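Before I ask anything, let me first share the structure, which is written out below as structure tokens.
Labels for the chains are A, B, C and D, by order of writing; each one numbers its residues from 1.
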Amino acid sequence: MPALLKRLGQALGWMPAGFFGGIEVPDRKLTANEPIRDCPVPDVLILPMKQHIGEQCHPCVHIGDHVLKGQKIAATEGYVAAPVHAPVAGKVVKIEEHRIAHPSGLGLPCIFIEPDGSDKEHRYDPLPDWNTRDPAELRERVRECGIVGLGGAVFPTFIKLVRDQHHPIKTLILNGIECEPYLTTDHRLMLEHADEIVRGLSILRYMVSATECVIAIEDNKQDAVEVMRQAIVRAALSGVRVLAMPTRYPQGSEKQLIESITGKQVPAGKLPVHIGVLCQNVATARAVYHAVEHGRPLTERIVTVSGEAMPRPGNLRIPFGTPVRFVLAQCGLEDIGDGVHVLHGGPMMGERLRSVDVPVVKATNGLLALYEGQIRGLNTEEQPCIHCGHCGEVCPIRLVPNLLADHCRNDAFERAEAYQLFDCIECGCCSYVCPSSIPLVHYFRYGKGQLAQIRRAEAFAEESRRRSEARERRLAREREAKQARRRARKASQSAKAEGGET
Amino acid sequence: MQALYFRAMGEFLLIIVSAVLVNNYVLTKFLGICPFLGVSSKVETAVGMSFAVMFVMTLASTASWLVQTFILKPFDLLFLQTIFFILIIASLVQFIEMLIHKTSPVLYQALGIFLPLITTNCAVLGVALLNVQQGQGFLASVLYGFGAAVGFALVLVLFAGLRERLAYAPVPEAFRGAPVALVTAGMMSLAFMGFSGLVKF
Amino acid sequence: MHILIAIASLGGFALMAGLLLSLAQKKFRVEGDPMVEKIDAVLPQTQCGQCGYPGCKPYAEAVARGEADINHCVPGGERTMHQLADLMGVEPKPLEEEPTAPMVAFIREDECIGCTLCIKACPVDAIVGAPKQYHTVIADYCTGCTLCIEPCPVDCIDMLLKPELIEHWAWPLPETERARIGRERKENHARAA
Amino acid sequence: MPIVSSPYLHGGDSIRLTMMSVILALLPASFMAIYLFGWLAVFIITVSMISCVLTEWLCLRWMGRSTKPVWDGSAALSGLLLALTLPPTLPWWMVLLGSIFAIVLGKQVYGGLGYNLFNPALSARVILLISFPLQMTTWLMPMSDPRAAVDLYDAAVAWSLFCSGPQGIGQALDAITMASPLGHVKTEWTVGVGVTDALVHYNYSYLNAFLGLEAGSLGETSALALLIGGIYLLARHTITWHIPFAYLATVALLAAIFNSIDAERFAPPMFHLLAGGLMLCAFFMATDPVSSPVTPLGRLIFGVGCGILTWCIRTFGGYPEGAMFAVLLMNCAVPLIDHYCRPRVYGHSVDRDAGS
């Protein structure tokens, strides 16, 4: 019945993309025809100790050490983490806090490496015979090579690569959607490195023993669809489909893509593996291929450098740690004027950089230079909500964004949580369509941040209460013991006195 | 026989509709305004208050009818009517106060002074008095009391919903708080005028 | 005669109601004050005593009894005040004092003489040390209550700002006119009430 | 530099575009009003719109707020909507009073656009109806009626009627007015005449009712003109289908059921759909975004509620027309409907509230 309803919805245009809601965003893929080119190595590379979601790494090199390209320079014992590797051979010149691409403008400890110009490289053992190896070994390799989801979420990849008896993976989805405007990294990658992506797909499939594979590409990239199909034929793989998905933002969001392809929804608070699906970005698949077959850790990525204010846009292969200012200079943007703003990531989910003196990290999929007039929030004024409900119609997870934003704005955080604030994926569809130009996503982020702080404060208060009560009990016990001693002493004294008398 | 049964059911339905909508105690008789404004800032509290009032009102109209019929009228003590009714209501309110204090201390705190004030709630006494004045039968009186209580509950909860939304609005300085609430109540009352003539009672 | 019937019936009725009520009173007796627990649950448990009571629990008891106002908890700030107002069913009130940024105590160890006075003062046992040994503050447990400052005979305890962590950073409200008006309205409301 | 969150792109929709599209959608009905009631319609619409905008400006100035919202078109729209619900015989000062009610009591008291709990135009309409019951239920013969006694295409005649009422043109009120179909059926029923006979006496025809060639408020007579506007709004996606569909379907269904039970007591569904302010309310009043629910399910419930109340008040109530009361009554319930009719969020099971 739900399937029938869904088909009806698709026919009537309510679910045109296989998931609920969504919007049509302008394409603006300026760099779709620019071949990937190499970015030169800068004078110094800055490697933040956390480029993934999870726990922060600690340096395992010292100032003055010489490191090889691909050598591990930071790691942590934590589970949800990915180690950091040196992208070039060189010398560790300093380890100190440096600003990173984060809306707060705060920094993280970073390792600074000065390249020595040599190309001495450290590699792990290549495993060309991976299909005879234990998947656990391959998983350890993926973890050791610091591979994270390169679509933008930077969640450590190895965590999702589990063989679980309770939740066997049925479908492996390679995400080549790239629904954000401007960005063309996955597109170019599929055109130029289709065979490597398919090899990576085979490895991933072997690791989780998925029965079917889907490579999902938006139907505005027919050339990539064609190239991937040919690559699959060349590799003589069976059970792999290339699907041209309807072009609709946010088709590339993991949850929405899974709903489009399988018709199932990822339960709230669970991972896709719970419904037997593994979803990986095409660039991640390629990184897995390099890590397994060549023993090369993740030290560089493709970045779309684009935007109307960028003189020479292109797709660049950039080593992590390269300062954004240096990258922009390579594309002809030497000094950034007043009316130009640089975005880190795509325009729908990226971050406006307050300073370009931050390094390129694993999450960097685009660097866009836009004119001020193009940027929502700088040239619009928030007006009262007229309850038109457009935000709810486009919300791919079916929140009621306007009421949610009201609760957040008025600090009614418990209410906001009851309205499922934490299910928001911050795709930005609501803000995009809002006729009142309300920065809804900003309110949600505010609400989430405040709620997180409240939760921390509550946990701290609980801990303090526990400690304070423990102290009270201890003090009471001590008083009790003291009184008991005193009584005992008195008793023995009086007994002595009595004994003396008698 | 069946026709009679249907007639009676129709009659009772009319009594309820009349008490809930057409002759709504708050919006058309303007009785019980005090708790209507006092405990309507949150829906949860309003729901709690509604149940308390429904309990008191229904039982009070029942008890007052019994007292009226079996004590006051036979012994010709109608001059004691008010004092008797107040006694009934006060006892019921005391009872419900203990009950709420036991079951929901938060609701007890939230209702605060308005809980004991149900005693002097003019709507409750009004229902009891009007009920016996109309000289209806037992079942009709009970239904009438219940209907009036449901009407009170309905508008109280609706009004609380509106006020929760109002709490987010940048109401002009001079209208903040009670004034805008009264304007809203007035608009509700205007809207309820649409029901006038619905039941000729 | 008539008047006697009146008195008898009224008296009888009142007696009956009184009996029923006293039965109900027995059945629905409330043990203790359940509000204390609820109030204590929203207090920040710094045990700082800035409210004028020796700790969070005593303040909770005072509020539940209606002796203390809802706006005395300085570290809890506006949020705690609003929660208390909700619980007690009263209007929000402006705070007595603006809350300061979160602090932690820090002992300059080279000046510490190991007297253990601060250890005794700490309400959450967040200072470790032994007599004649340096003491140190476990920063993760310190509530910033400043109760250890006073007893220290050599004034070697400083209150430092809690370091700002990038993971703990929270988005501010958007800098739009509407968000600003909303904020001001709320503050005005608190002040006016 | 302020911290601005993503997304950094915007679709370009704005409040002004929304309001302008609704005003555009009301143009057919406005032209119909002018065709039927000549200069009188022009005067009422103009006075109402101008006084609404002016009142809004004065309110904002007086409160010391930014007067920018005056130009977003919402005040003008309220003025136009109010004018279209007024009977054509209304003197100028009542129109002015209505506009002031709409803006001050309907909107600015709550903090302006987006915060009003009730539809401003309908609030003003109801206040006027309660304050001036006679004037608000006196309908003029439209110019399409061969019995029309005054030439409303003559500006001078219309002006004196507008300024000083029927005595201004030396006519008795009775001579130029007639009952509206709804009012006629209701009064006939009270003297014991059934619906069928009442409609025959009235010379009622569905075609005339559909085109709007009958007595009624300025903009509510022509179902055709309102449908054109409503379909434009639906096509432009300013409103969704939920409220108008649920509203009209409920009224039609109730009328059909009861009409089949007793055709003399209960009017047929088509009569209900075409009569009075139902079309105007269904497409323009009940769909006013500010005072209607935002979720699809909420909108359906809202529409059904409006439909039931409209039919009940029309059939059993003291007032011949219930549409505006119905919408105002349902406006009261909007916050609760919004709260309890949220859609099922992605990845959550249906018993969400029980679970969390």
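Simple rule for what comes next: a residue touches a chain if its C-beta (ideal position, glycine included) is under 8 Å from a C-beta of that chain, and two chains touch if they have at least 3 such contacts.
None of the values given here were measured: they were computed from a predicted structure.
The most distant chain from chain C is D, comparing centres defined as mean Cα coordinates. Between the CA-based centres of chain A and chain D the separation comes to 50 Å, rounded to the whole angstrom. Put simply, the C-alpha centre of chain A and that of chain B have 56 angstrom between them. Between chain B and chain D the centroid-to-centroid distance comes to 33 Å (mean Cα coordinates, whole Å). Residues of chain A in contact with at least two other chains: 103, 377, 383-384, 409-410, 439, 442, 445.
Residues of chain B in contact with two or more other chains: 168, 170. Residue positions of chain C touching 2 or more other chains, listed in rising order: 171-172, 174, 182.
If you sketch which chains touch which, every chain touches every other chain without exception.
By the touch rule above, chain B contacts chain A in their complex via residues 167-168.
Only residues 45, 67, 71, 75-77, 80, 83-84, 87-88, 91, 94-95, 98-99, 101-102, 105-106, 109-112, 168, 170, 176 of chain B touch chain C when the two sit together in their complex. Listing the residues of chain D that touch chain C in their complex gives 2-5. Residues of chain A that touch chain D in their complex: 20, 23, 25-26, 103, 181, 255, 259, 265-270, 343, 345, 347-352, 354, 370, 374-378, 380, 383-390, 392-393, 396-400, 402-403, 418-420, 423, 426, 428, 431-437, 439, 441-442, 445. On chain A, the positions that touch chain B within their shared complex are 406, 409-410.
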